[in-house]
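Labels A, B, C and D are assigned to the chains in the order they are written; within every chain, residues are numbered from 1.
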Amino acid sequence: MDVAVIGQGQMGSGMARQLLKAGHRVTVYNRSRERAQALEADGARVAATLGEAAATATVAITMLADDEAVESAVLGPDGLLQALPAGGIHLAMSTISVALCRRLAAAHAGRGQVMVAAPVFGRPQAAASGQLFILAAGPGDAVARSGPLLEAMGQRTFPLGEDPAAAAVTKLAGNFLIGAMIEGLGESVALVRKHGLSASAFIDILTSTLFAAPVYKGYGAMIAEQRYQPPGFRLPLGLKDLRLVLAAADAAQVPMPLASLVRDQTMSAMGRGHGELDWAALAEVAAENAGLPMPER
Amino acid sequence: MDVAVIGQGQMGSGMARQLLKAGHRVTVYNRSRERAQALEADGARVAATLGEAAATATVAITMLADDEAVESAVLGPDGLLQALPAGGIHLAMSTISVALCRRLAAAHAGRGQVMVAAPVFGRPQAAASGQLFILAAGPGDAVARSGPLLEAMGQRTFPLGEDPAAAAVTKLAGNFLIGAMIEGLGESVALVRKHGLSASAFIDILTSTLFAAPVYKGYGAMIAEQRYQPPGFRLPLGLKDLRLVLAAADAAQVPMPLASLVRDQTMSAMGRGHGELDWAALAEVAAENAGLPMPER
Amino acid sequence: MDVAVIGQGQMGSGMARQLLKAGHRVTVYNRSRERAQALEADGARVAATLGEAAATATVAITMLADDEAVESAVLGPDGLLQALPAGGIHLAMSTISVALCRRLAAAHAGRGQVMVAAPVFGRPQAAASGQLFILAAGPGDAVARSGPLLEAMGQRTFPLGEDPAAAAVTKLAGNFLIGAMIEGLGESVALVRKHGLSASAFIDILTSTLFAAPVYKGYGAMIAEQRYQPPGFRLPLGLKDLRLVLAAADAAQVPMPLASLVRDQTMSAMGRGHGELDWAALAEVAAENAGLPMPER
Amino acid sequence: MDVAVIGQGQMGSGMARQLLKAGHRVTVYNRSRERAQALEADGARVAATLGEAAATATVAITMLADDEAVESAVLGPDGLLQALPAGGIHLAMSTISVALCRRLAAAHAGRGQVMVAAPVFGRPQAAASGQLFILAAGPGDAVARSGPLLEAMGQRTFPLGEDPAAAAVTKLAGNFLIGAMIEGLGESVALVRKHGLSASAFIDILTSTLFAAPVYKGYGAMIAEQRYQPPGFRLPLGLKDLRLVLAAADAAQVPMPLASLVRDQTMSAMGRGHGELDWAALAEVAAENAGLPMPER
């Protein structure tokens, strides 16, 4: 299939490589061109403009940093709305707000294009190995036509019906739960450390018993070792997602005090200078408040 | 081995049966005698008094509702401190405060007895099938001598060193994380429901991807189906544990805002009349606050 | 002076009457015309359109429900931007977001008009008696020219410099503190009531000692008597203001956990069916969570 | 009247001086004797032991740091229970837990003594000038007999009925509201500062309008100027009081999320090294989380 992949960050480039491996014709585009050129060796065509990338695509994938970037990639001059051929599919795979999701789906429909929201669970390593979990929502035939691409990028796709917003809400709810988990681990690790126990032994017990899930293991290890670099997913991205969760909650009138707490603690972590670290460094707020500062390196 | 099992609630009776199955000589005691007599058919001896149960025991297990019950079983008239033979082991398996744990261990030591704290992760079903996870801390040889019993009751034992308090802290930290998980699930389920999505489908996705842990599956299903009866672990017990977590945090000067939130929401659930339901009904606070009351049955 | 007053709710109509009393020529406009016509007896001219009201005004006052209403009154067709004469002053007196405040000030400047932000502290009664406190920020000469109007409407004006956003931030911070006070009173009243004390006696002590401020007296009495009708300021308006506070906090990266709490509790009060009541009914959330429901009337 | 004043901290010594000024015969006692001897110049008799101070007293006042100190002063060897003559009044004026208040009242009653709980609102300066507000609860005639003393120490006494616990609950609820106010001021000051406004001007507006109460002025000035020394009431005392509030709330099953927040933030302020500062330094948590650290001095 002819695929354009817009956005060549850690996630997008891994996904593009998986598509190439699966035999698709992939054109990549990135605002700073070097990141795109890195894919040439893998067989990707590098487009000079977003419009050029989209012009020949059956499916255009966006994997971008935030709402602003996706909005501009779709609605901006030379954006997907203008450039994608009629009948083309916009596979929106980054985490975006529910409101933008709705707005873009309507805009595409007005141009005879189709938007499928397909956000993912998984960090860069999962993208690089085709092990993402994909939440797909949009018109049934478009989801079906996207099937071979989704299979190349993920280990499993969860269909969520015709309304793209369903995928956005589900993805945001999942990210909220990751943030809640980090806060919980941060507080409990501070507790056991101040009682003289080993944080690593504690995480080991948790993840061998009640919480034997990879996400607990991964974040738990980072927190126990206070090792937040290199970041797989930086604090400001966590803050951005919590903002989107709370916006979705506000729109539907759902008080989420735990989401508020995670948002506030994430912002506090940034205010205290941890903005360059992985979201797991949210745990440092609990540690510092308990008088357990991060050791100098 | 000669074992006394003090406390024949849902947990204690399951554990006693596993010990009987493994060939140990088990004497059971319960304040209201009928619950103890239910074990006779399985081969248990029923003691008329706690002191009688303890008098011939090599190991006396306590599995009781709260600190008050354990304190009275040990320090009260006719309690373990008086009745347990010198050299006997008190295997304290219910969830108790860090402070009481320390106090009882010292009291036993003063009488030539040994206390091993051995709280467990697992609900009644796990107790009934010998699938508990056990956190064991206390003098090394006493833990070793208790080995055959721990093996009969649990699928795995995690040794936590010589200080019984270490097991108490770890257990409490784990229960806090369960409460935090329930709150997180409650809020996120309210969010997806108000956006028109299926709560069950949402839980299914979560527990097939990021949070593929049994505890998420079990609680997630209860919350998605708003099915909180019969209770495996009632709300007031959750509240009790959160109190103990916060007491341990206070003693070590560790601010735990998420623990505070879970405590307050659990108390709110009780204030709104859900006190007879499973702790999972904590999720109803988020639902009701979002204008999603529990359907009449 | 020739003044247009756009918005004839409880606040706007009281302010218009004070301006008339002070001898100004006042033209009033309201979307639903009846509310405006009520002012004719006091000597106001009633405009059929917003544009007509603004066309002859030296100063146009807006006192509207929310950002959307103000934005449309300024930027919409037949809005102030088009209708207000060059050199005219837009005195923006309702509570608006910091972002909108900045945006409108720039838009007016681009048309040779001037915006002065002049939000107020005070409930409808204070508006009706010219006892508002006014926070005024904008170009110095425009503030000075507005002086006679501000004096007619308020008991005191606080100048906050040239940047209109300063008045918006200050007003929002003040409203946040009112919400925080209500939450504090709600929780403490629930506490004393459950300990068998009289809520009214408690409020009386507080407001005779530490908290001898009118705002504590007014809200305290409503909460002690659980009397939330007729509403002076409805819950959804409180929610709206908390949203604006948190947006201003987010823009400046300031975690405000207490603001988050007040927002969440206000939303909960609405989810539980109190949306038609005064913001003071936020206190019912604490009461209900403590098992103290509002008595039937 | 013959009065013993037990505890000669900043509060107790000011109160003793007012009693001397009013012509009462005052015997003072303090664990470290120097503080007591400072009162000799004012005409106080200094007792070598607590028992000696109480032995000749009609009324014994306790003004001590915490529950432990008061409990030991009453129930300890040579304590009030033994030393105070039958018919004597124990005027318990420091802030103590509701539970201890109940326990001590019963103990005194068992010895033919009377306890009146009479906690106060006011900082050391108010104690030194006889301007305290006093909450008095206990048997009516004992309150009446204490009247001349209460008048000498305070500007007004609020009678709260026969149950001493009523005074304890009311006092704790008031201190909770002070903590809530500090947190609110801390967050709002951080907000206005990050928007480039003057914190002092902001506090000035607040306390000239909505919140024209001395307690807002006093704490507001400290926060605006980030001046937390010398402490009038140190952070650990604030933490202690919040603990007592939450214990009273727990006993009556009242969720108080704002009290939880203030407790957690106060503990965080201590964890970050502000334990020697005034409780107002709680505001530094909000400031630091917003990236506004306290300037070096």
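We adopt the following convention: a contact is a pair of C-beta atoms (placed from the backbone, for glycine too) under 8 Å apart; a residue touches a chain by one contact, two chains touch by 3 or more.
What you are looking at is a predicted structure, and each value in this text was computed from that prediction instead of being measured.
S.K.: Name whichever of A-C and C-D has more C-beta pairs touching across its two chains.
M.R.: C-D
S.K.: Taking each chain's centre as the mean of its Cα atoms, which chain lies farthest from chain C?
M.R.: Looking at centroid distances, B is the chain farthest away.
S.K.: Counting in whole Å, what is the centre-to-centre distance of chain B and chain C, each centre being its mean C-alpha position?
M.R.: Result: the chain centres lie 52 Å from each other.
S.K.: How many angstrom between the C-alpha centroids of chain D and chain C?
M.R.: 37
S.K.: Taking each chain's centre as its mean C-alpha position, how far apart are chain A and chain C in Å?
M.R.: That pair's centroid distance is 40 Å.
S.K.: Spell out, as numbers or ranges, the residues of chain D touching 2 or more other chains.
M.R.: 253-257, 261, 264-265, 267-268, 270-271, 289-291
S.K.: For chain A, which residues are in contact with chain B within the complex?
M.R.: These residues of chain A touch chain B: 98, 121, 133, 135, 156, 158, 160, 163, 165-166, 169-170, 173-174, 176-178, 180-181, 183-185, 187-188, 190-192, 194-197, 201-202, 205-206, 208-216, 245, 248-249, 252-259, 261, 265, 286, 289-291.
S.K.: Mind listing the chain D positions that touch chain B in their complex?
M.R.: Its residues touching chain B are 243, 250, 253-257, 260-261, 263-265, 267-268, 270-271.
S.K.: Mind pulling up the chain A residues that touch chain D in the complex?
M.R.: Against chain D, the touching part of chain A is residues 257, 264, 267-268, 270-273, 288-292.
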